[in-house]
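In structure tokens below, several structures.
Next, two complexes with chain A in common: one pairs it with chain B, the other with chain C.
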Partner chain A sequence: MDLSAINPLLFVAGFLVAATPLIFAAIGELVAEKSGVLNLGVEGMMITGAICGFATAVETGSPLLGFAAAAAGGAALSLLFAFLTQVTLANQVASGLALTLFGLGLSALLGQGYVGVKPPRLGDIDFGPLADIPVIGPILFTHDIILYLGIALVAGVWVLLRFTRAGLILRAVGESHNAAHALGYKVRRIRTLAIVFGGACAGLGGAYISLIRVPQWTEGMTAGVGWIALALVVFASWKPWRLLLGAYLFGGITQLQLNLQGAGVAIPVEYLAMSPYLITILVLVILSADKSAAPASLGRNFHASG
Partner chain B sequence: MIRFEKRPQPSRALSLATPLLAVLATMIFGGLLFMALGKDPVTSIVTIFWEPLFGEFAFYYRPQLLIKGAPLVLIAIGLSLGFKAGIWNIGAEGQYIIGAIFGAGAGLAFYPAEGWFIFPLMILAGAFGGWIWAMIPGFLKVRFGTNEILVSLMLVYVAEQFLASMSLGLLKNPEGFGFPGSRNLQQYEPAHNAELLAGSGMHWGVVAALIAVIFAYVLLTKHRLGFAIRVTGEAPRAARFSGVSPARLILFCMGLSGLLAGLAGMFEVSGPAGQITIDFNVGYGFTAIIVAFLGRLHPIGILLAGGLMALTYIGGDIAQSNLGLPAAAIQVFQGMLLFFLLAFDILTNYRLRRQHTAETA
Partner chain C sequence: MKLSTILTSATLALGLATGAVAQDKTKVGFVYVGPVGDGGWTYEHDQGRLAVEEEFGDKVETVYVENVAEGPDSERVMTQMALDGADLIFTTSFGYMDPTINVAKKFPDVKFEHATGYKRADNVSTYSARFYEGRAIQGLIAGHMTESNIIGYIGSFPIPEVIRGINSAFIHARKVNPDVQFKIVWAYTWFDPAKEADAAKVLIEQGADVVLQHTDSTAPQAAAQEAGNVITFGQASDMAQYGPKPRVSSIIDDWAPYYIERTRAVMDGTWESTDTWDGIGAGMVGIGEISDAVPADVKAEALELKEKIASGEYHPFTGPLNKQDGSEWLADGEVADDGTLAGMNFYVEGLEGTIPQ
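And now, the complex of A and B:
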């Protein structure tokens, strides 16, 4: 075993990259859950975004167009979920699962011609002299624009929920849909918007995996990141900045186990690969005692009777 | 403007009709999908639903129906009990894998000994493996209130890694020329889950699935525990007042569904699959979720739904080799079915009403 093979600077820069798909998927789900919707289809929306983005980037040669397509793909799939839960009032747990199963199949179908293809690279932003600052430069200023967009999105959601009227309405709908309805807010329309936002974010997260992190297309390549994102929202007790922190924690663990695999640690590869999932369970156990932060109407469908 | 009005009682007739409507809608939209892929829609649908049953080679495909249907029914029966009570075990795929590893491990431990007791012991080991894997989320839910959906799902990924580790390590065939994968249990007589009637597709897993259906039916209609499950799902507060212990119900439902999934894995590895390999699991644990809903969480319904789903697997294979229809298209087709099912479900609980101008009430 040779731990000196792990370069600390590359490691930190690497875990920022590893955390980004999680940040996108989780912040989108956070907004949806704040509006009272539990969408278990994150994994399906991510993988659909991953292939939509990948295919578009390969066909057009533009990674940024790829990301736009990924957001559109994730949002389109989430509209199916919105239709099921907001129009036909189907059970949210079952509908979310359906979305994941469907998304996994759909992405495999769309991705048939793209196995082994190399996508165009999205270059890093040129920060000029900033990138030359020792230690901080290589860690913070050598990334692509989407990574920074992820962090900006977290800040944006925080501002939205905390300081704006729209955020207040969103939270009201999530806490008590009956009260919000009585005040004249369109509960189902607001929830649909939140679901679509979540879908677009999940799509971006998926494309970040297929276009930047890996970068190539393989079936089922999101490998549970969507589910970890769901756990992350619980971990963050529905708070944006805690979510960012959690995502870096998980990104760090993922990166560490990959680096340890590379460094040839005496632990078999399979057991290292289990670790992110086991740690997610552990974190869920530690944090599940406190449920007070969850939106009160989470997972319950709204039907205006009378 | 059309609006939905809640029915005082869910409609019984529509509750039976909606799965059929969903299948029909899936056939239509699936046909459109196949057309978009450049295949003739009618031929594709006929190939999937008709060929395996009444086609030229039906004698070969009909037994396959039992082989593919048995694990689906076995797993879905277990899941349905939990789903009815609002307990979501989504990790049946993981429990299926662990059941297979435990079952195969128990059998291989005796290799090459002979003995009638080996196969029963494997059944016990497989059931135990699935049970213990499902008890992890069950226990965590009861003790700490941890979300069972996420934990059971995370454990699927853990189980997949464990499977890889087993087929490359402990259970690897020492005479396998270095290839990953265990010894083939089909060639080890005392551990082989052979067909009970040669060429019928009938193996012990099919028998177990049928017993599970009968057991679940009796449990739900005649037993107090079945009553507790139904009440908990429909009115959790009322259930608590009537003396149902939520913790015990969670442990029972999680444990039983894990046990059945473990059995399904064990029967698969000792019979049709034959050996533990890295890609031993093919997603039965997830498809079983669709089967459970398609069967309306009712034992008889699940039996029929399992048959139908097995048909799409077999028909999908035929369409793949005859028409070049991609395997993923069948996966989309199955996912579509669940969508339509959930969407049509509103008709059983709500009534469509045309809205008139503001009425006074």
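And now, the complex of A and C:
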């Protein structure tokens, strides 16, 4: 065992990166669920965003354009879900699952010419002297702009839901769509916007994997992050900061267990490998002892006649 | 992947396959653990499937289902394939072993071929490649090339096939560089690019300048490329797009001749349950071109080792070798028998850490 082999600075910086795709996907789904829509297509939207972003970044040479395309791709796919559930009133669970299957197939098709291609690198932001601060500098100020965008998005969603009228309306739609409708709010339009936001966020999360975390295109490369994001939203009791904490906890312990393995720590590897799931669930379950409930209309379709 | 094949696999996966099979065609099914576009393990199996189609043309029909989880789900997929009239089914991952045996019991007329396992039945053959022969060559190159003397190794699952690879690479790295150390990280997945990349990054952060992988995607290659001065080896497939550096060589699985031969045996009615374990000599394991990033003398030494293994003159597990705890395994000049290799569950002397049980 040689714990000195683990560089704590690289480790923390590493898990911030590892958690970012999860943060994007989960915060988008949180907004959708707050509006009363359960979209199980996160995985499909992520992988679609991953390839849209990757292809665009490779073709244009601009990673930022790639991220924009990823958001657009994820949002476009989510519009399909919005059409199915908000216009044709199809079952949300079935539509979401179909969206995941569709997204996986579509991305494999789109990605045919991109296997083995190296994407352009998105540079880190230059914070000047801030990056030279001992310990804090290398951890906090050596990342790309998208990582900070993820954190800003969590803060933005928190402010929106807690302090703004728009957030209140969104929550009202999610809690009781009939009451919101009676007050004159356009339930389906608001939900569609929330779905599209969720899709764009999932797309960004997917592109963060294909452009920064790995960086390459491989079929099915999101490998289940979308499902973890879905679970995280529930365990975080639909609260943005808790979601951020959960994502960092999950990313952190995942990285930690790989580091400990590399350093040869004498804990059985099976326990290390399952620890991220266990600890994240445990912490969030303890935190959610305050009985925060799911949005009351979650997963229920709305029709004005109802 | 063609749209039509996506649709084929999608309908199969949903259990909606039409089942309109002409009786005179031999139907061959393949069960894959990853996507055919993984650029590694599953990609090579699918190349084998395409070779079968090419060889027999109209006389065969092949079907495949990709991304099949090891365990109960695979049993369902195999059952569906058998019900849909498959005559021969290749199940291409270690974790399909028990499911294959279970399904084979229910369909005695269907022939099954399970890759990398050790359980057989009257209608279940096993086949595998001696990847450890290729690992010996990787170990030799890695031992020569490392400057930090730390070689990172991404393991998938602690099964004999993977442990053989680690031991073989380690023995040959130590032979040329007595100071070399292995850091082993178990990813507990065959295919998860993000996790594989993370594992590679962690190993590199901890000082490894050579990363060997026993997982299926090219993600560790990308991570090594990003990190700079690190070398890697293609796994299962050539992964030449990452050459000449980080990828300096590779182990390539070539299943095509075997798949063609076995399909022909089913057509002729000569199929029997067998156990096939071929290596470099028989062509089942190929060594990808050694790139110019490797010094010429090291390359020559590696190629010489390859020749010796191919001709049978040298076996990668030749004594004197001790087990990790220091007890004697092979005496001087003694060669490991296949039985021990097939069930290998111990590290050789010099490796650190314990194998997860």
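FYI, the second predicted complex is superposed on the first by the 267 of 306 C-alpha atoms of A that agree within 3 Å, B and C clash if a C-alpha of one lies under 4 Å from a C-alpha of the other, contacts with A are read in each partner's own complex, and residues count from 1 in each chain.
We take it that contacts are C-beta pairs under 8 Å (C-beta built on N, C-alpha and C of every residue); 3 or more make two chains touch, one makes a residue touch a chain.
Note that the coordinates shown come from a computational prediction; the quantities given were computed from them, not determined experimentally.
Judged by the touch definition given at the top, the superposed model places A:R213 against chain C, while chain B stays out of reach. Of the two partner chains placed by superposition, A:G113 touches none, neither chain B nor chain C.
Legend: residue contacts after superposition of the two complexes on their common chain; A:L101 is shown touching both chain B and chain C. With both structures placed on the common chain, the touch criterion links A:V285 to chain B but leaves chain C unconnected.
Of the two partner chains placed around the shared chain by superposition, neither chain B nor chain C is touched by A:G61. After overlaying the two complexes on the shared chain, residue contacts for A:G224 are found with chain B and with chain C alike.
Contacts of A:E270 after superposition on the shared chain: both chain B and chain C are touched. Common to the chain B-facing and chain C-facing surfaces of chain A are residues 101, 105, 108-109, 112, 219, 223-224, 268, 270, 273.
For chain A in complex with chain B, the touching residues are 40, 80, 83-84, 88-91, 93-95, 97-98, 101-106, 108-109, 112, 219, 223-224, 227-228, 230-231, 234, 268, 270-271, 273-274, 277-278, 280-281, 284-285, 288-289, 291, 303, 305-306. Residues of chain C touching chain A in their complex: 1, 3, 6, 10, 34-39, 67, 152, 158, 183-186, 188-189, 191-195, 197-199, 201-203, 205-207, 217-219, 221-223, 225-226, 239, 241-242, 352-354, 356-357. On the chain A side of its complex with chain C, the touching residues are 5-7, 10-11, 14, 18, 21, 101, 105, 108-109, 111-112, 115-118, 121, 209, 213-216, 218-225, 254-255, 258-259, 261-264, 266, 268-270, 273. Interface of chain B with chain A (complex): residues 4, 6, 88, 90, 140, 144-147, 149-151, 153-158, 161-162, 164-165, 168-169, 286, 289-290, 293, 326-336, 338-339, 342-346, 349-350, 361.
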